[in-house]
Amino acid sequence: MIASEIEIDIRFSETDAMGVVWHGNYLKFFEDGREAFGKTFGLEYLKIFDHGYFTPIVKSEIDHKAPVYYGQAIKVITRYVPTKSAKIQFEYEVVNQTTGEVCAIGKTMQVFLDKETRTLELITPDFYREWKKRNQV
Amino acid sequence: MIASEIEIDIRFSETDAMGVVWHGNYLKFFEDGREAFGKTFGLEYLKIFDHGYFTPIVKSEIDHKAPVYYGQAIKVITRYVPTKSAKIQFEYEVVNQTTGEVCAIGKTMQVFLDKETRTLELITPDFYREWKKRNQV
Amino acid sequence: MIASEIEIDIRFSETDAMGVVWHGNYLKFFEDGREAFGKTFGLEYLKIFDHGYFTPIVKSEIDHKAPVYYGQAIKVITRYVPTKSAKIQFEYEVVNQTTGEVCAIGKTMQVFLDKETRTLELITPDFYREWKKRNQV
Amino acid sequence: MIASEIEIDIRFSETDAMGVVWHGNYLKFFEDGREAFGKTFGLEYLKIFDHGYFTPIVKSEIDHKAPVYYGQAIKVITRYVPTKSAKIQFEYEVVNQTTGEVCAIGKTMQVFLDKETRTLELITPDFYREWKKRNQV
């Protein structure tokens, strides 16, 4: 299993009137997690784009376990979830660095769209197949 | 089954560099859907607050079916999902009004937190039990 | 002077941990104001785009006069500010509909970029000159 | 003059359908700049809060000089602007690290609100007067 980690300071603008991070912002933290994963393992968004694909999110899930307050920092652990289909799947664990608690877990699924035609690619693209082989996933 | 509908014009700021609505913004559309539902059926956030509770989202899911572009409008259908536990559950259907397509579906689950102690309320609050009875859900 | 008005309900996600609308969100309200103005006076973003131009914001200002809380609605008044140069300028007044107070005022300036070359258009585009004549501004 | 610097990677969600960072997101970059300044010079938001004050933004300005694209990083330089009144003022310079260009400049002004009464503090708070003296501003 391959995974990456990134630490994020909470922005004041990410809180809401309950005084905690607004639930929808976790999708931004997951995005930060994917970016960090991409940099570490050579699967950056722009590299995929250069291979001819957009990789939009088609499914996402968040389970909130505990609130996060302004002034706290979080760590996002992003784990690659192997799949035989032409998809990119991740699981996320968000840890409140101040309390040590897991504050959220989540999942995303991405597909490959041809960047010119915007049609769905049903076959695993060659570059991705090679990337999987290199990373043994 | 009780449900409400609301139409939303896409903000330019809600699009991303793929030219479509950024996936995370659907949680804002679901929020707009809940607001509309609350207004229609008397379950507004501030009314719940007056009864002594916060109702944070503890779980959310989005399935994207088709992209939405700037210049298009969407309709969010918000359906109440009955449950015996002390929770508020909704299902959402987002329809692209320009194309007629369902562009996303989703779910959210909310719990009741005592607004003073921020502890989880495990028993269905009285006002909510009465609301459910009145609405036969 | 030509102007338009639009009413907006505050989204919970637009509040911050001070319990009020986060200051940066007023730029979204100004955007809503411009959209409403565009619809009313035939100067929609996509119409301008069809004439060959992007019109990015190059300058914006916000003066906050009073806070806005969740549960309140605002009205954005968008006034066109005439200019001889190849620019689109607006002034905004945001009124808290619940209290009657002016809660913010602001300004934006947009320029014309050729949508293919992304170079700045220094001469007022024909379609815009005609639009100004028609609207006597 | 005292100033701080922070580098920020652009989030995909911060771009818009023009393919560049949406103009309103610069207020988030300014916020990141203030946070970095606060950490460096001991003027953190939560420290101010502990002294009894909220410090909301009452005025902000952004001048955009050049676009920033996804995949690029920016540097925000935050300069403290001395004032005799009970205010906190900053100037910002956003540099595109990929091109070396200044892509935006801006300003913000904050006031002191008593955190209990939410009334405006017209006299410079003691802790802030001492902070200014220590930092010779």
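Some points to look at:
So that you can tell them apart, the chains are marked A, B, C and D in the order they are listed, and the count of residues begins at 1 in each.
Following the convention adopted for this analysis, a residue touches a chain if its C-beta (ideal position, glycine included) is under 8 Å from a C-beta of that chain, and two chains touch if they have at least 3 such contacts.
Just so it is clear, the model here is predicted, and its values are computed rather than measured.
Seen from the C-alpha centroid of chain A, the farthest chain centroid is that of C.
For the interfaces A-D and C-D, the C-beta contact count is higher for C-D. Averaged Cα coordinates give chain A a centre that lies 28 Å from the centre of chain D. Remark: chain C and chain D have CA centroids separated by 23 Å (rounded to whole angstrom).
Under the contact definition stated at the top, the residues of chain D that touch 2 or more other chains are 12-13, 20, 24, 27-28, 31, 70. Chain C contributes residues 18, 20, 23-24, 27-28, 31, 54, 56-64, 67, 118 to its touches with chain D in the complex. Those residues of chain C that touch chain A in the shared complex are 12-13, 15-17, 19-20, 22, 24, 69-70.
Residues 9, 11-13, 27-28, 31-32, 35, 45-46, 70-71 of chain A touch chain D in their complex.
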